[in-house]
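Note that the chains take the letters A, B, C, D, E and F in the order they are written out, and that residue 1 is the start of every chain.
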Amino acid sequence: MIYLTRRERFCSAHRMFRKDWSDEENQKVFGKCSNPNWHGHNYVLWVTIKGEPSPEHGFVMNINILKQIILEKVISKIDHKNINLEVPFMKERIATTENLAVAIWNELELPIKIEGASLHCIKIEETENNSIEYYG
Amino acid sequence: MIYLTRRERFCSAHRMFRKDWSDEENQKVFGKCSNPNWHGHNYVLWVTIKGEPSPEHGFVMNINILKQIILEKVISKIDHKNINLEVPFMKERIATTENLAVAIWNELELPIKIEGASLHCIKIEETENNSIEYYG
Amino acid sequence: MIYLTRRERFCSAHRMFRKDWSDEENQKVFGKCSNPNWHGHNYVLWVTIKGEPSPEHGFVMNINILKQIILEKVISKIDHKNINLEVPFMKERIATTENLAVAIWNELELPIKIEGASLHCIKIEETENNSIEYYG
Amino acid sequence: MIYLTRRERFCSAHRMFRKDWSDEENQKVFGKCSNPNWHGHNYVLWVTIKGEPSPEHGFVMNINILKQIILEKVISKIDHKNINLEVPFMKERIATTENLAVAIWNELELPIKIEGASLHCIKIEETENNSIEYYG
Amino acid sequence: MIYLTRRERFCSAHRMFRKDWSDEENQKVFGKCSNPNWHGHNYVLWVTIKGEPSPEHGFVMNINILKQIILEKVISKIDHKNINLEVPFMKERIATTENLAVAIWNELELPIKIEGASLHCIKIEETENNSIEYYG
Amino acid sequence: MIYLTRRERFCSAHRMFRKDWSDEENQKVFGKCSNPNWHGHNYVLWVTIKGEPSPEHGFVMNINILKQIILEKVISKIDHKNINLEVPFMKERIATTENLAVAIWNELELPIKIEGASLHCIKIEETENNSIEYYG
């Protein structure tokens, strides 16, 4: 079994808050991340897939196909967007990196399976000090 | 002459656009950076000062004092904020990294002078591929 | 299950040696790392915890609480210190990165459990070429 | 159980192709990576071993011994070489990073075992966006 | 005056040698970099331009135009190529990073001038330890 | 004129203090950096030289010669040492990075001149947030 990781990046705005909480409650739990006028990040995304290298060409999966799937399913929908307002796969979810990792997993699992590999891990770095991993 | 550089970071939302242009004109010049719902970045800021090391303590300037000046004058006003809407020193300026570098220079030049050193360069990295330097 | 990683850094002096060995024996096993006048490193520490994201706020654990635990239990006791002489949780241990990872695990396991998450991994980078991971 | 990782680097030329395919077929599957005049990379290699820290010296394995094994078995044979033409452990294999990871595992597994530790993972980064992991 | 830097990358094969020298002479001066079967690198290129930010849009130069110029004039001609054999602007030059920096300067100076800015610096990193800068 | 930069690293212990000051005075000016039991860093050193590329071999200076000079004059004397106690070129100087940059300049200027190039800049990074440059 071989693990192949592709890195992509996206720059998005977001805000952490719950509609059913007052501003004070949101501020208390989410602190400066709850700022009503938004803030944003250069998110770094690592998509790790696993599989046997093909005897035909020696790849787990052609990295250009993997790259196209990630661009179509994730980056084109979230890069230079507002995660709370515009990203279809984050609708009705609090915009934490935890929830983002699960949502991106759900976007990528099937298209990668169709290509004959398995999704293994979604890793997202929000800042150089904070990151999230999800293994399904 | 010695050059001392302090790195700080801030995560902010912004949008590039001119109020006096139509959405089409903004989109044509600024592309995806003009998205009306904002996007954001992990900005990295390098502040370089210059001076003679003090014979008393061997520093150009005590780095803790430099750090405090940058936190007070810049980071506390821009981190987790919306650059277009909330940052006093960016009022009435298009939110390009070029304009941001000049504005941060103007915030820091005097307080650093008062401490006996000279501001030499403001460098801002917007993404790992794009950065701006300003020398006054 | 979601994995959340927080990065922190500390700058410390250390020396690798055993009191019950002669200088020649220490030099033979530990080489330049056994220098009696000490040397030091910019250690990088990654603390990974795991858990279910809370339906209430979408976090595995509020990252500010995790950060405070790491600062209180580890960084405040080891940053700008001598690992051999001054760090309570390294008393009577050889100051290898292996032993450091186990000792930091022991400091953090319980306070993280009290907050409702589980410690998953301690990773320490001593130089850009050498690192250690410990999973308990 | 402790995991110890050593990073090494090598700069090599390669080309992805099958001798039994026409140039068009190679170009179709491998794209620009099939260029007949070669291209190359700064490969980064992480070798992770596992074991119990020795009560005698606190190491899983003396990192200088691990470094020497990697230099002798891998780096001296591949650095500043052509992976397709000159690297004995890549003979008759397509020069993908997947195959490279497996071949390097095979070179290192036994010498590390002889020193009393176990090889755990070979990770190779071909570019900052693409990497491979192999766990045996 | 504002300085704007764009980073791009290319992966190429090369070899350092002079046709009019024997293999021994080439080996003596260029060492392992003279390997007749080539080796290669992940080159990192930083292109710095300078100018006044436009009062109209706040840019020194639209970064998308700069990116397109670099892709067309440099990256498309050198990425996944052999610098000695295939890169038109390196014909008849020894493939050192020094010569590469001068050649890339010559490719980019005029197209950047046509867009109203000035080329300031070409920086190329061959490995994480070695880099070259050229200011014209 | 071409600028060539070589990066090297060293791991050392140090302490900032003046013998003619009381512990309280040292603590007040240097803070935690004055800890009597030392602390340490992974210092990163960039040595930049300038010159014309030789028409014979295309180098400003053979990087292996530059590397040997830096290893002999600087790294072998400071790596895994105590800067205050053991480094001959730092005797009687306060162990600030400012003073270190000047001292390393003095060690390297002449040997580089003898090889036909000129020393241009010494840059030292003490932590990822703090660095010093000296141009003679």
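Simple rule for what comes next: a contact is a pair of C-beta atoms (placed from the backbone, for glycine too) under 8 Å apart; a residue touches a chain by one contact, two chains touch by 3 or more.
Small disclaimer: the values here were computed from a predicted structure and weren't measured.
Novice: Quickly list, by label, the chains bordering both chain D and chain F.
Specialist: In this structure, the chains that contact chain F and also chain D are C, E.
Novice: Roughly how far apart in rotation are chain B and chain F when fitted on CA atoms, stated in degrees to the nearest 5?
Specialist: 120
Novice: Going by more than half of the contact pairs matching by residue number, which of B-F, A-B or C-F reproduces the interface of E-F?
Specialist: B-F
Novice: How far is the middle of chain C from the middle of chain D, if each middle is the mean of its Cα atoms, in Å?
Specialist: Measuring from centre to centre gives 29 Å for this pair.
Novice: Could you say which residues in chain E touch two or more other chains, in rising order?
Specialist: Residues 128 of chain E touch two or more partner chains.
Novice: When you check every pair of chains, which ones turn out to touch?
Specialist: Taking the chains two at a time, the touching pairs are A-B, A-C, A-D, B-E, B-F, C-D, C-F, D-E, E-F.
Novice: Hey, which residues of chain F end up touching chain E in the complex?
Specialist: For this pair, the touching residues of chain F are 1-8, 48, 53, 57-60, 62-64.
Novice: State the interface residues of chain C toward chain D in the complex, per the touch definition above.
Specialist: Per the stated touch rule, the residues are 16, 18, 29-31, 93-96, 98-99, 101-102, 128-135.
Novice: For a test of understanding, state which residues of chain E touch chain D in their complex under the given definition.
Specialist: Where chain E meets chain D, its residues are 9, 11-14, 32-33, 35, 37-42, 79-82, 85-86, 127-128.
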